[in-house]
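Below you'll find a set of structures to go through.
First chain A sits with chain B, and in the next complex the same chain sits with chain C.
Up next, the complex of A and B:
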């Protein structure tokens, strides 16, 4: 195999593919990237056994088609550190030669046959969605996943599709983010899947154009995403997603609307005088405004007043982890957020328009 | 210059004896000794009537009875002590979260931050005394000062049922004449040594320069220098700043029945869980401590899958540690104890999805806590189950 590549484009592709490659594994082939050169150019593949990615790289000239398996981290480092505008990749047997104007690297690879077969996107997609829409749905929810949790299948994100409706849900057991969007379905059959957080983070890095089409297929405990340039597949998280519909409150009778920016500023300042992330900020909502109070016994106290654009219902005082609020407020793209409460020991809801919903369990203010 | 702190030392008056007299009105006005009336028996408290005969707490019971033959010796039910202790601490906690328990009947409070909220430190102290009297029918002596050492000194000055303030301006008047035994950390032996060197009072120490003190007392020089001048900057450290929460018990005689030791351990786990829950703490680690008759002490530690304050989950680890040890070779036990460590805050965050099993355990713990708060630890108990 022999190709001449644009170094800049190759660096970008290797950076993305590096996110898949298994960090620690006894299987040497899984630490490698598979290079496949054909008439259409060069494609890079990697897998960690759960998630696989195949990525085309732009601006490549193939002079000799073929395949090779090269250690991913070494290849990435060499290409990144090189100074040439183009590099020549040439492989013979299991050895890769990377040649620049003033440099020659010889890197020992692995037999191509050792690389596992990775799932291929075959046939029609279940549905199609624009990269911009999918990006929005994932970015508005993925932060709410559990960093470490084995209790429920919540170290993944739930994707639910019913006809044109696409719903993405994530939760860590204390808060839950839900975003709704639309897609172009190819089948009428509803489907749902819990996708590992790592796969979705990788997916977000594949998008460079909001208008490009992403084809999605769910089959055999796997989900596959395809764009013109890339194919990502992942095993699904097994188990049941917690019954999220049950915890979305519908009876909040105390409703407030306020400026997103003012709310962020207020919560950030009140959070300064909480000593643990898990310690709550006390929020008193009333017709004449919102008062945020925090207290750290050995440091002091804070009180911040925030104007409300609107308030309906009885005044309420409720405590929240400020970090949980800020996580959601950071991804909100509207100028105003709507809040709904029922009682200090019942979940609160934050909404922006009909397409984003965030349920957050309060902190006991005892 | 740091701000002047407002520290209270709250000390219940003859706590054990007062609890007995509270529960048994016929004993009021009579000399009462509490504690175990046996060969190893020690006085846990002497009522003020018994103190007039020279009886003191920590005195061997036999000696106390010789001093005051008319004294009534009673064994105080532990659950009554815990009940009253919990009630006292509830009063204290309502004033400030900065409560450092010294024992079941004694605590320091840092009310610096509450002063603006609740009025001056003296007002707070009066209020605490009044509430303990009204709500519990017991008396407490309170010392008010600007550090722990002086607050403790103050609470002792007008006992029982007293309130004493040592303000910064009082230090030069109050301290110099005090006998050296009153100094923190100076017991009878040290006091005797000091007296042979001509030191009888605080004043004898404060008259010396730092250099002289260092030369004469070496590593104790600095402490003597500071305490004799009423200087003490130790913070009030509440339980929730603690690294671990534990409980242990020394048996009257070595216990050879492993099931008995095991059930005592369960009772301790239950109490440790209760303290965690009260303070909204969760533990990641559990350590079991075992001391043999020959004073050899071993500890065994384990880790919880996730931080917990649930008795069942803490007991799961403690039981495993104990049973492993017992299986490997049980020997009669002089002391058994358990502590929860690697503490995390954040018990206040509620869960979105109820884990039915955990929910049940939490409700059970809550129910047991309520019953024990009202009726003492004997009110309800868990069975330890079989040794596995």
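Up next, the complex of A and C:
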């Protein structure tokens, strides 16, 4: 195999593909990136056994088609550190030669046959969605997933499609983020899948054009995403996602609306005087405004007043982990947020428009 | 069988069964008699573990010849005349049973030359008694005082004789008994010998602390810390004095513990518990601290007439006394650097190092730190020392200063008080160990931190120290502020398997769970649902289901005593301990430089940082002296 590549394009592709490569594995082949040179260019593939990514790279001239397995980290480092505008990749047997104007690298690879077969996107997509919409749905929810929770299902993100409606949900048991969007379905059959967080994080990095179309297919315990240049496949997370519709409260009778920026600033300042054992921020909502209070023993106290654009119902005092609030406020794309509460020991709801909803459980404050 | 009145011999033998259990009890009874007779020197000679011979010689006021026959009669005593005295007993003996009981089960010979009004009688007399036969009083010439010889103990009660243990064991009991008595009566000279060999020989008029150390073992002198406490007069005005041993010298049995009430060595589970409780978290729970506790209390507040052997007493207000002992010992321990030395070599003697740990934080000690031991040191140094003391300790140490000042120059108190008192609240006083700012920290094998302080090399077990730090923080929050831990409510309850029994256990633990911020409720017969869980445990990656399961297992194993409301605090300790253990960094966790220095900084901020809540040490110190020695530089 012999190709001449544009170094800049190759660096970009390797940066993305590096995210898939398994960090620690006894299987040497999984630490490698597979190079496939054909008439239509060079494609890079990598897998960690669960998630696989195939990525085409632009501006390549193939002089000799073929395949090779090259250690991903070394290849990435060499290409990144090089100073040439183009590099020549030439492989013979299991050895790769990377040649620039003033440099020559010889890197020992692995036999191509050791690389596992990775799923291919075949046939029609179940639905299509624009990259921009998918990006929004994932970004607005993925932060709420659990990490290493024993209830595996909530370590992933739930994707649900019913006709044109696409709903993405994530929760860690303390809060739940839900974003709604639209897609172009190919079938009327509803479908749902729990996708590992790692796969979605990679997906977010694949989109460089918001208008491009992403084709999605769910089959055989796998989900596949495809764009013109890339294909990402992932095993699904097994198990049942909690019945999220049941935990979204609908009886909140104390409603507030306020500026997103003011709220962020208030919460951030109140969070300054919290610590590990006492991290809750006390929020007193009343018609004349919101008062945030925090107190860390042996450290001090804070009080911040925030104007409310609107308040309906009885005044209420409720405690929240400021981190959970900020997570959601950071992804909110409107300049006003709506809050709903029922009681200090019942979940609170944060909304922006019809497309984003965030349920957050209070902390008990004494 | 017709009912008959028991013969006098039988009555005495039955009484002897209660009072005279073994040779050790003979020693106890007779030595107490000697003490009641104001002896200043008591000599105990034992042969064959006391089976052959126990001879007690004293220089007390003796027994006049005409009273000798009466002395071996049951319920005959010179110590008690009116029933009112029973309510406030001032002598060690009072039941009038000992001599009669001993005579009934051995061959007893009493020789005595009485002293009356400071004048010794011309001559003494001797009397022999054995079983139910009492011999004639015969003239005897000897030094003023009394010599009692008990031979062939249990000669006429073969069953009792058969149950005697080996001579070394029986002698061990005698030794222990006499030690306990000698510790209290430090002004009296004691000598104990076994088969002609001297076991100990203590001079008269020994200082109290010196006497204790002589009896506990000279090698422990560096490991003992003096404590003193005086209760408020309106609360009974009990006075406490004692020595608390370093956790590192704790023993596997309670033998190193000496409890005395009003000059009477006692065994009391309540007080033993108080001492142990004070060491909670400083040593493993299966160890027993070495400690001496003397309590002086209003005789009306304690009943010694509970048991024929008088080994037990009853306090009118046991929980108050418990609290006094607990806080006095705990305060002492809190103010001390308990970091064990990594080396086994001990340097310094009693006189030059005084009590190790008296100085806060292991800082070099002022002369006179062990003031209780060497009364000759100058008061100036004494005052100087207390000025440098941790304010927390000053509270009661100040009383000591005051007393010493009063003893030396009563007029000095007024003038010195003004200069002393402000410093007692001086916030600029260095906290223990504050001068030991670590410079560089090295994490080795992702498990231990190595740093240095003024004295040498300090090695810290990261898990143990972090566990202690978390534990103290949680403890302050829950016990100090009386607030439950902050808990995060759950969107979807976590379901934990729990059968009916386990549900009942959890139900019983409800008040405890509330305090730590856990909220759960049964959901069906086989499971409970957790609705809220402490937020800091979430952050530390501790999940509710494993935590609750472990908690129930612990409770089922009887490690949490929930039945008794008095020990709720200790159950809470256990639970907080479990929480901190789960939440703390583990051995093998890589820590960043900031985390390392933060953890080490906390070492000086919290109480009891020398040991993890299980009592294992968190920190070892290798002193420069040790290093120099090891490297042959000295």
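By definition in this document, the second predicted complex is superposed on the first by the 363 of 366 C-alpha atoms of A that agree within 3 Å, B and C clash if a C-alpha of one lies under 4 Å from a C-alpha of the other, contacts with A are read in each partner's own complex, and residues count from 1 in each chain.
Everything below uses one rule, namely that contacts are C-beta pairs under 8 Å (C-beta built on N, C-alpha and C of every residue); 3 or more make two chains touch, one makes a residue touch a chain.
Please read these numbers as outputs of a predicted model, since none were measured by experiment.
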Clash-or-fit label for the pair chain B, chain C on chain A: clash
Chain B versus chain C as contact partner of A:171, first or second or both or neither: both
A:8 touches, of chain B and chain C: first, second, both or neither? neither
Chain C region in steric overlap with chain B, selected from 380-388, 452-460 or 596-604: 380-388
On chain A, positions contacted by chain B and by chain C: 171, 173-176, 242, 247, 276-280, 297, 321, 345, 347, 359, 361-366
Complex interface listing, chain C residues touching chain A: 473-474, 476-477, 481, 483-492, 494, 517, 519, 532, 535-536, 538-539, 541, 543, 545-546
Residues on chain B engaged by chain A in the complex (per definition of touch): 96-98, 113, 238, 280, 344-353, 355
In the complex with chain C, residue positions of chain A that touch it: 148-150, 171, 173-176, 242, 247, 276-280, 297, 321, 345, 347, 359, 361-366
Chain A - residues contacting chain B, complex: 151-152, 171, 173-176, 242-243, 247, 275-280, 297-298, 300, 319, 321, 345, 347, 359, 361-366
